[in-house]
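The structure follows.
By written order: A, B, C and D. Residues from 1 in each chain.
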Amino acid sequence: MPPPKLISLSEAVHRYTWDGMMYASGAALPIGSDAVVFGRELLRQGRKDLHAIFHCNSQQLNLLAGAGAATRAECGFTGLEVFGFANGLRRATESGRLALEDYSNLSMPLRLLGGALNWPFVPATVNVGSDLQDRSAFAPEEYPSRSKIAAVTDPFSGRQIGALRPLKPDLAAIHVTLSDPLGNAIMLGTEWSRFELSRAAKRVVLVADAIVDGGCVRQFPNLVRIPEIVVEAVVHWPFAAWPQSSPGMYDVDEEHMRFMNKALATAEGTSDYIRDFVSSYRDVEGYLDMIGAAKREEISKTATAFLLDPYRRWIMSAEEVARVQAGATP
Amino acid sequence: MPPPKLISLSEAVHRYTWDGMMYASGAALPIGSDAVVFGRELLRQGRKDLHAIFHCNSQQLNLLAGAGAATRAECGFTGLEVFGFANGLRRATESGRLALEDYSNLSMPLRLLGGALNWPFVPATVNVGSDLQDRSAFAPEEYPSRSKIAAVTDPFSGRQIGALRPLKPDLAAIHVTLSDPLGNAIMLGTEWSRFELSRAAKRVVLVADAIVDGGCVRQFPNLVRIPEIVVEAVVHWPFAAWPQSSPGMYDVDEEHMRFMNKALATAEGTSDYIRDFVSSYRDVEGYLDMIGAAKREEISKTATAFLLDPYRRWIMSAEEVARVQAGATP
Amino acid sequence: MSKANPAGYTRQEMMAIATGRELRDGELAIFGVGLSMLAGFFAQAHHAPNLRAMTEGGVYGSTPVGGLPWGIECNRISTNATSFTSGLDALGCLVGSGRCDVGIIGAAQVDRYGNVNTTGIWDGDIGPTYRTPKTRLTGAGGANDIACGAKHYLIMVAHEPKRFVDRVTYISSPGYLDGGNARARFGFVGGGPSAIVTTMGILRPHPDTREFELDAWFSFSSAEEIIANTGWPLKIAPDAHVVAEPTDAELAALRTVDETGALRRAPG
Amino acid sequence: MSKANPAGYTRQEMMAIATGRELRDGELAIFGVGLSMLAGFFAQAHHAPNLRAMTEGGVYGSTPVGGLPWGIECNRISTNATSFTSGLDALGCLVGSGRCDVGIIGAAQVDRYGNVNTTGIWDGDIGPTYRTPKTRLTGAGGANDIACGAKHYLIMVAHEPKRFVDRVTYISSPGYLDGGNARARFGFVGGGPSAIVTTMGILRPHPDTREFELDAWFSFSSAEEIIANTGWPLKIAPDAHVVAEPTDAELAALRTVDETGALRRAPG
């Protein structure tokens, strides 16, 4: 039985991140389960020059890009769905401070799968024949680019298809609904590409809305799509995806989604946002106060709450988690 | 809302199988969740010249091969694990009546994944450099064979790796623990390659130990790894994997595993087995009588029974299932 | 049709209904968020009860609850799902594979061969060296995968001259590329765009050249208005016609789906 | 050692213990069923409490309950799992990828370069045209994937002349192929077999030629017995030595894991 892997968020960022690293998160859709709070902590610790791997943009990438902490990004979808364009990412891209390499929502998880399987390339029947293949922000002189998405000949039919570059990020910060102290994680809602990312990344840190006793994962082993053997550390952080949603836990905070995105549209707004919503809290309690009790109550009244019911009895209290975390030695 | 897809086993075999087809099952390990009863029905309806796709051999393939109904097979592991060699498959192979094309336990699901994604080939970093690549039972004159596992050049590094042929079976009969009447299925225990197979096959028939009300899949949507949109029909058949095991439902029937495998070692034994355990029952009730009440009780006392507990309250009675099935028009 | 909306429905509503009419019962269909989701679920509510609707989120078996979802993973669509899997499953196994019958995508720009740009707006051509767009848009998302893999797909777009261009600056999602058989060069399993449904009417590709032509106009619009708002010399198909107005049943079904009135608030 | 078993343990038990001694705490290790699983869980019970044990079944976090599992998906190992995924995950993402530290596989035949045959026994060479084996065995299973991908792997095999051959008839799982650097031709991420642990002793590859040599013999065996039971002219490593006998603690740990006594019933 491996030891518990619970550590604090600040410790996780301190220990597993560095300037210039290839950092992955956002293996969730733009308004859903992403470890947004991990991005806040990256800014608090002044990380910069990040090469961001996000299947889709999320408010985390929007913030990192808007704040100038990410200088390269590889993405499928780069907006915020019904909340519109991602202003922080857009501003960074349009100004040239960030090079944004475009893929699609299928080619990104295929590249993660290729990394997970340690393939040298991944066959692609999509993205070819479009400017996703022909144009590269990382190799702008190449036209048509073939270092981004190459051509490979099918040895059986002789016809050409595309070849994608696999991804093996240095670190993945993955939001999950529930994790036990060892890092056996349960996701409610679509996995999007969190399964593939958890195997592709060199290291995985889970950011869990709640910690459950190991009895929960033994009752529902088929739900544990990220087993502890691929996990380096577990961070317990309620409302970790806020202002995005976490199915079973809380809805999207529409007001803050708009507020945040509006702030990120300008340098001034971004500074103010960082002052008020990134640097402002000291710990989890401060973070929860920042969201506000009324807002937490409002977004917790989610129609998806019933999805969490089977697991509630195993959720550990903050005190129990702190006790286990105090004894953890990952 | 699509209509229920419940049909009888005999109807499923009648409607979706034919002589000479590429038939897939056994996307479970040799002693686990395979739709063994579907193979019995294939024999009852006299299907022959089957091209069998089994990630691993199971008692189903052992039976189909032993009975002479399969003339080609593609497999990873071809034994019965601790129960030894698969005598039916072995006898058919050694006699030359069945051509057995060897792969590994990774290359088989990769080939299914390739079929699911409609790739022309699948990169392989395994199987190359061994006789799995160089020898082909389907193209015996070729040495070293490259029509079975070809070579492909990685366009990024220039080095050669292998290329596997994707699989798209005409039909997959997939054993699942639970399904709702529409075909939303829950598997307890390892998926092995049932996920990949369910997307690779041109048609999917589920064979479920129990049918649950739709409320169950709405409570546990993350467990529904096979959604109804890929399912053609659902067959309700208790103890469908017998004598193999179904986690949460029943253990392996050790005695019958040995008895069956011993019978399949000879033509006479196989005839007797077919008389007594294939042609002998008229319907589900007859099948259950054949297993015997005492044996059913014994193997149902599985240590894994607790895995089924969260779903028991949604399991429909035989009468309820019959009522829904009577109204089904798949 | 003026903003006063004398017909009793908006242009956006007509566009959603015309798009929904393209979907057939029993098809496996993929939608995005917003307009395309409303069009799709309208079809399911009205004439295609067995439409198998999915999004690229790997969220299956659900219909939106409590209003238009904020995204394809939104709790409003997760709350009554029967299965959650992944993007790789939805876009790869079900769409990129060629299994999906029809998809609906949007566009910032679309050109005469149905190529779609959702990546950026440049001041003129990009040129031989890639440069950052003046206005960065939302990227290809899953639309590229739908455009490559779905048996056919529909493009929904507001009919404005700036959106209907002779040649898109950047192909985010391939239509018929240079026209004719050009898609065959890339071996796409999908058939390409079967219609561009706009706020004024419907364009369809010529069977040989694959150039989009005017197939039909909504009753509140006209061939002249559509030509004036299209950035290439739009040909008129021999059998071009007026689109039937929404029936009461269609409008009722659409408005049940669009319970928060997104399409009625839209300018139109 | 005679069948009378005067040493108080069987050859099979010694083989399992010697194999288990090769596993280090904290490693990610993959086992098959039977002997190799007992060797692996023995190591976890004895000296490697943080060994991360897995099988190719995608069954994680479990230890066998109620006796030796009948298979790697057996309820005896499924009953206390913390995660179930798939073969593609276990053999692909965790083993084929090169992530797994060590694997244990069995063999019907093994040759001087550690190549393994588990596919069939032919009467002589196969020849240029593939023909069916006289005796069909269990196939490559997951062993080929472990042999290609694991950082290193161990081969467990009963020491009999018919099993230790100069050149296997069929390579089911690659060892060092023709020796030397031959694996590099195929770019395997895994390092190859680090030891063949038998019922008599341990063979290890020469660092340059990769030919397996006698590294150590069990106290109940000898270099002479091993050479006599090996089908190629076995070289003796310069530092060849006797293997330490099992300690009481080792035997106790092994027998706790092997609660149904599979290794004690075995001929030995």
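Assume contacts are C-beta pairs under 8 Å (C-beta built on N, C-alpha and C of every residue); 3 or more make two chains touch, one makes a residue touch a chain.
For clarity, every value in this text was computed on a predicted model and none was experimentally measured.
Averaging C-alpha coordinates per chain places the centre of chain A 40 Å away from that of chain D. The geometric centre of chain C is 57 Å away from that of chain D, both derived from CA atoms.
One simple way to say how far apart two chains are is to compare their mean CA positions; for chain B and chain D this gives 29 Å.
The set of chain A residues touching two or more other chains comprises 117-118, 125, 159, 161, 188-189, 191, 221-222, 307.
In chain D, 78, 84-85, 92, 96, 149, 189 are the positions where the chain touches two or more neighbouring chains simultaneously.
Taken as a graph of touching chains, this assembly has some other topology, since it is neither a line, a ring, a star nor fully connected.
According to the touch criterion at the top of this document, the contacting chain pairs are A-B, A-C, A-D, B-C, B-D. Against chain C, in their complex, chain B makes its touches with residues 1-3, 116-118, 180, 182, 184, 199, 214, 217-218, 221-222, 224-230. Taken together, the chain D residues at the contact with chain A in this complex read 28, 49-50, 52, 54, 60-61, 78, 80-85, 89, 92-94, 96-99, 149, 189. Residues 33-34, 56-59, 65-66, 68-76, 78-79, 84-88, 91-92, 95-96, 119, 126, 128-145, 147-149, 170-174, 177, 183, 185-189 of chain D are the ones that touch chain B when the two sit in their complex. Put simply, chain A touches chain C in their complex at residues 28-33, 55-57, 75-83, 85-86, 89-90, 93-94, 96, 100, 102-110, 113, 125-132, 135-137, 140-141, 143, 145, 159-161, 188-193, 195-196, 245, 247, 251-252, 254, 257, 302-304, 307.
Across the complex, chain A is touched by residues 117-123, 125, 146, 150-157, 159, 161, 163, 165, 186-189, 191, 219-223, 306-307, 309-310 of chain B.
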